[in-house]
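Multiple structures follow.
Shared between the two complexes below is subunit A, which pairs with subunit B and subunit C, respectively.
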Partner chain A sequence: MTDNDKITEKQDAVAPAPEVETEEMALDDARRLKVLSPGMLVFKRFIRNRLAVIGLGILVVMFIFAFLGPFFSPYKQTQVFKGIGSMSKEYASATYNTELRYNVADGEAFGPGDRAQFLLAIGKNQSTFTSGANTFSISKESESTYRLLRLEPVAEELLGRVNPVNGATLSDALIEMYKKAKDNNQTSFVVDGVTYYLVPKLKATQISTAKDIALASLVVFDAYKPADTANVNSFAFKLGSIMAIIQDKKTFDVNGQVYKLVEEGGLSTIYNSAGEAYAEVSDIIVNPVDQANFLPVDFKRIIRETINNRQDRFTFKDETGTDVNYTIVRVNTIYNIKRDTPIELIRMYERPSLEHPLGLDNNGMDLMTRLMYGGRVSLLVGFVVIFLEVVIGVIVGGISGYFGGWVDTALMRFVDLFNSIPFYPMVLIFGSVMDALQVEPMVRIFLLMAVLGILGWTGVARVVRGQILSLREQDFLVATEATGIRTSRRIFRHLVPNVMPLLIVQATAGLGGVIISEATLGFLGLGVKYPLASWGSIINVASDAYVMTNYWFMWIPAGLLILLTVLGFNFVGDGLRDAFDPKMKR
Partner chain B sequence: MRNFILRRLFLGIFITFFGAMVVYSVIRALPTSYVETIARQRATNPLSTKTYQEWLDQLNQVYGLDKGIIPGFVGWLGNAVRGDFGDSWHYGVPVIQKFNDVVWISFIMNIITLLVEVLIAIPLGIMAATKQYSRADYAITVFALMGISLPTFFLATILKYVFSIKLGWFDLYGLTGRFFSTMTPIQQFFDKAYHLVLPVFTLMMLSIGGLMRYTRTNMLEVLNSDYIRTARAKGLSENVVINKHAFRNTLIPLVSYLSYLLPSMFGGALITETLYQIPGIGFISYQAITRGDIPFAMFYTTFLIILTQVSLLVADIMYAVVDPRVRVN
Partner chain C sequence: MQQVMETTNTPVQENEDLLVVRDLKQYFPIKAGLMQRVVGNVKAVDGVTFTIKRGNTLGLVGESGCGKTTIGKTILRLNQKTSGDVIFDGVDIFGINHQQLRDLRPRMQIIFQDPYSSLSPRMPVSEIIGEAVREHNIVPENEFEDYLDDIMRSCGLQPYHKDRYPHEFSGGQRQRICIARALALNPDFVVCDEPVSALDVSIQAQIINLLKDLQKSHGMAYLFISHDLSVVEHISDEVGVMYLGDLVEHASKKTLFQNPLHPYTQALLSAAPIPDPSRKRNRIILEGSIPSPANPPKGCKFHTRCREVMEICKTVVPLEREYEPGHMVKCHLYNDRKALNEETTEAV
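Moving on to the complex of A and B:
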């Protein structure tokens, strides 16, 4: 048996009755309440208020989110996220060739004057024309190709007599054939494989042989190897290949080299004897927009194919072997080839993803992180402003209530004065002034706090004054006066603790209002400025109807955070009011 | 009573004077880009014989901006008491005329809001009080607190998003629709009314919570008082107790509460009107203030100060009307 047991036994033995009584008392509410301190009482009442507890829970979550969240956020507040986007940039242009290109045989001349005469002649549908001392014959090989032959007179017929010119000898067969042709109104005849042309000249008719001088064609040649360009552009090669294309030949030879011709989709590719692609023949001209760019023949070919197939996009490998997308946009007769150039872009208004749970904002910053830092600013502004209000309010209200008399009257008129100043117009003016002075964002926050505090303290002052006025009449304060306690001690030991509950309630409920005011200013663009953020300034993007419509995730979360926080403060404030007010028995 | 009213009146004038002075001194810090713009325009006019600086000096003198704050204020006040508030810089018409054009739409909007609000909030507040701690009470309390906690701009934006964009029932902005000018007067009336639905709903949602809670608190206080216990003890029916004894006594604080709403009746709802771009006094003032229109901003703030003073006076008088005890003292 231990000592304790002994004592209990002894007590039991001595007085059994009181124990029964204490047990009864323990069940009694009144008796139990006596044991609790006033603070505990308030706490118990507060805890029993479901809404208040919910509010407290919301606030705890908000505080963790705003003040601890940034430590866990992998991003910085002003970190801008950039991505590689593609931008269509004009790279090349293509068009169907509508201008004849001339190729002149070696050692011959076909100058601008000759060309002008030639164009006039084809306009008039003539088969020969004269330019200077020379007479040319036009041989139309296809819709887009003309062979120009210079006529070299060998004879002249005048009144049925054929006379040789330039010391040529005329065979009988030639004269025979000429007469036949003349009778049949032909313009040319062939004798021994040589074509002779009849050109009327005044009353006489000239009989001429012809020599290939030039080629006029809409066709464009591109050599695969730059080294071959000279050969490809030579008169002989062009003549050979164009004639082969027109005559649908599979092979042709130029200067003893045999070339193979493959036609496909309106494009002709010429292979040399080794089987390598040698040249491209087409009627589409492709030019780079930037002359510094060299366009490879394959690239031109793919453009031509795409245009001929009436498609508007294609892919081509660049030098590094990666696929680059091109789009073709037609403007009148010109096809603009746009290259999708990779470019570094700010990822504005990106939708929520795993990486960024709430997406990216208008500056390409992580919205979740912005909300955390914005929450800090919003909550801090709220607390500092309320602190300011309470300090000013307690001083003014306390002095006014404690001293009374003319001091009270004067101070209360002062309160009335401040109370009458309209809040939003005044804050808007302050915001505009700060805009005009281009105050730094950080300084701006402090000024904002000061302005909000200065405009909002009157409520606290009134409440404090009223409370002190009523406390002054109460017995315990009369007693402190009677016992001669120092004024400062009376104020701080006896008055202030009694005003405290009311102040706490006032401050908690007021916090919500301050956060709303700050957010409203932020929304109007007169509050916290970039790069800093507050919840209000984050919602500011919604004042743009386009953003509001298309990017709901940009402004709804911030709005909900404000709503929940203010609701939390109001719930807690309400709960505290009920808990402090002994009249409200819950 | 007369002495009291006289004293209150005097106090109101005193506060208006100093309030306007405080506002004036802050407003003077506003950028005077308007004056500079006008001066530049006039200086570049080919007929102008004065330089930009001369024009600027002259304009500053006209608007009293070259003087110190106190002489400037005295100058402004001298004109203001004679009813001359100058021309609005932003709107280019006399301030009073602009005010007269726009104040009525704000007034109508607020009157409708107030009526709807009173009709909903007071019965609900009384119900919450009579059934304290019931489920209905909790629901009403939470609803009221939600209304108080909603920032205007968020509520308005949500409403616009849901009803204007998603459902397409209302226009996003403005007081009049697209074909307003071709409508008959009756259609115009309904068009305006239609455009006021969302703003009025926003205003109502924001203020209904406060009135509801105020009614509930005061009703609770009244219900806890001795004469209600007496009424019940007499065996009166609960209906009579609530509607006759309790509610009439709740009216006293309610009347004063409603008097305090007077400034917002004429002062307009700055934020709501701005968000819906309703051309009422709030929106017009917002534009004037943010653009540094000193005459209009001065007029608007002074007007609000006077309204506040009047509302305090009206509240006191109303107190006397509904509570005979006040009349005796």
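Moving on to the complex of A and C:
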């Protein structure tokens, strides 16, 4: 039962089918073909062209990137990104002291003449020298310190006879000691705690007491407190401290004050009785580069420590308590201390980061954002120029083709004239004129569009003219005349729709060319000007070989965008041409 | 000449002559040089005279390039004539202004040779056919769709074809669309410019029969231009033979096919294929090709290829002579045989 039912059902279902089928098979049945307008057919053919769809996809992405992208970009086109950078600035210089410094005892004199004689004597390795009426003895306490003593003769020995001088009284012990010293070829001897010096004078020998009058030393003193500077630089203090250092004493006293000496890392620090750091002793001079800067002693100390430790950088707290980095650069015998000064820097050529996916350009602007705005300009220039070209081209070509005859001849010669204008020289001249007139960047873009359009419409005019000439001879246009269709309808309903496909193809394919032209001009610096961007002008930085080789992210993205866009337009143009071609039955 | 009638600019109602073409000349200037000087003329149509009666068909045959199509276009004022008259239903086609011409357009239509180029590729069929109907208000707007359906049906098209575009049709269907476009304007006269030469033979027959049927039902006159004698023989009432812009022979179909007078007509007829392999044919092979219409031979234009060429042919242009009533011929052969007209006719 059920089976039978099924079969009958089946038969019922099948039975009408052949009829329908025969109807379907009829050559011109209403249901056989899906009605497609020529536009739909073109669209279908276009969609089947994979390359064209890829091109269209590229273009859609480009448009979203350029026209919608800026709305999502957190930055502005001309926003300059600055960062705190540090700049090394020469702050101080240090050097090992090679010049003897003189300290003269109170009430004494050691003038330039005396100093000259002293230096000569050192050169000759003499232990005494005479300057003017005075005779001085040089006591070399260390490699860097000389003690200068003025000799005051008390006696003179001649041929074994010792005679007092200047009314001095001579004790027997003194004479005894002198003879012993002379025999032993000593230059000094001590009697009752007083040192006597033997100074040969012609055939005689003078016996003199000595008095400390000056100190010549390479050692430099720095007082911790400016108020102490006078004391620190006093003869007595220096003599005391230097002698203490030389003699490796831990303490010494000057004018009744007891000072403590601590040696550390080639530096000696003197503490006063209260235990405060009182002065610094060193053989390194530190001077500020700018004399207005006061260098604190502990700053000098850290420099000296660093130099002695052969390091080249150190940190020191400035007045506000922040750490400042210093570097030491040695030039011959001079150590230059550079202070890292924090300054606001434009973040030029910054590498891509999360914050700036394509980095920052030579002006510290976000490259991604500039590419978006640049894309707007590049695409807009392309479209406006093509629009201009098409408008001028259609008018001239249309008139030429529709009217023919001498109008055609005249207009085509005009086109020839335009075609023989050399494009790049013309545009280069235009660019430099714009430069000279200092035209606003925005106005410049519009003028650029106008110039590109005016120089480029001839191709469109020729194509339109050719198409209209050939359409004019087509039977369907003759038929419109035969059926008495009015002129406006003939033009807009018959002529224009048939020129349109060609125009669309021409314009699409031409867009790529215009974008290339604009990019070329931008690259040459004659197109869109800073602060506005275009893809071409972004690539401009690559004209610097250093930028080109080191900052790939500066120009490769823009180059890729141009490449892809032009490729996209060309693919779409090709696709449209194929789609509009009725012979392409795909 | 018999066909000559009084020319007036007012339509004559009960005149059986619908179209009168008198001594029509159509030269195309040849321009050369920088200043585009006219250095010569292509004499596409060089003094043609004929008449088409209401509801009749004049077949026009001739080799390619002999000016058949030019005649067709010129009598519709799709070209500017050089001289001569074209009188359509008593109206001088070249004597009226553009508005009058536009009003006259629907009454005389043309069907082109190439059904592919004669339809605008970007229009649906309904617009192609209906465009001019609306333009000239042939029918009221509310009857428009029905009218279109009727026209399409009568031309062998289905109303559902309306929304389709020309590229979706075969050649024969396209030609039907062309016919429908012409027919929709309800014309009195249609120039059929080789309407079937682009089609295959089976479709040719359909189209020819369609044209004949339409003629019967609508009473149109045709100027049927073709180089195919069998087609012309099938559809025509009268036949004209053209050679190099000249109408060399013109007679009723029967007369012309039975008694071709002009050597060119004879050659043409002998060249036409006969669907009977057993019948022996005596073909007249024409030597050479058609001379340039820009520089036609002196005297009789056919003398370079005529096998009966005489001395007179090379210098003197033959006049049109009426060999027998309604049978016009332009040939020197018949200059002196005028008296023998009766005898010849009887003999044939």
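Everything below uses one rule, namely that the second predicted complex is superposed on the first by the 521 of 586 C-alpha atoms of A that agree within 3 Å, B and C clash if a C-alpha of one lies under 4 Å from a C-alpha of the other, contacts with A are read in each partner's own complex, and residues count from 1 in each chain.
Heads up, the rule we're going with is that a contact is a pair of C-beta atoms (placed from the backbone, for glycine too) under 8 Å apart; a residue touches a chain by one contact, two chains touch by 3 or more.
Keep in mind that what you see is a predicted model, and the values were worked out from it rather than measured.
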Inset, instruction - Using the touch definition from the top, say if A:Ala519 reaches subunit B (first), subunit C (second), both or neither. - result: first
Inset, instruction - Could you say whether A:Val566 touches subunit B, subunit C, both of them, or neither, answering first, second, both or neither? - result: first
Inset, instruction - Quick one: classify A:Ser37 as touching subunit B (first), subunit C (second), both or neither. - result: second
Inset, instruction - Once the structures are superposed on A, label A:Ile302 by its partner contacts, choosing first (subunit B), second (subunit C), both or neither. - result: neither
Legend entry - Partner chain in contact with A:Thr409 - subunit B first, subunit C second, else both or neither: second
Inset, instruction - Scan A:His494 for contacts with subunit B and subunit C and give back first, second, both or neither. - result: second
Inset, instruction - Based on the superposed arrangement, let me know which partner A:Ala482 touches: subunit B (first), subunit C (second), both, or neither? - result: second
Legend entry - Greater residue coverage of subunit A in the superposed arrangement, subunit B or subunit C: B
Legend entry - subunit B/subunit C common contact set on subunit A: none
Legend entry - Touch list for subunit B against partner subunit A, complex: 11, 14-16, 18-19, 22-23, 26-27, 29-31, 33, 133, 138, 141-142, 145-146, 148-154, 157-158, 160-161, 165, 172, 224, 263, 267, 270-271, 274, 285-286, 289-290, 292, 297, 300-301, 304-305, 308-309
Legend entry - Footprint of subunit A on subunit C - complex, ascending: 36, 73, 76, 78, 101-103, 105-106, 108-110, 112-114, 117-124, 131-132, 135-136, 158, 160-161, 163-165, 167-170, 173, 178, 181-182, 185
Legend entry - Contact footprint of subunit C on subunit A as seen in their complex: 27-28, 30, 33, 35-38, 41, 406, 409, 474-476, 478-486, 489, 493-494, 497-498, 582
Legend entry - Complex contact set, residues of subunit A against subunit B: 50-51, 413, 416-417, 419-422, 424-426, 428-433, 436, 512, 516, 519-520, 523-524, 526, 536, 539, 542, 545, 548-549, 552, 555-556, 559, 562-563, 566-567, 569-571, 574, 583, 586
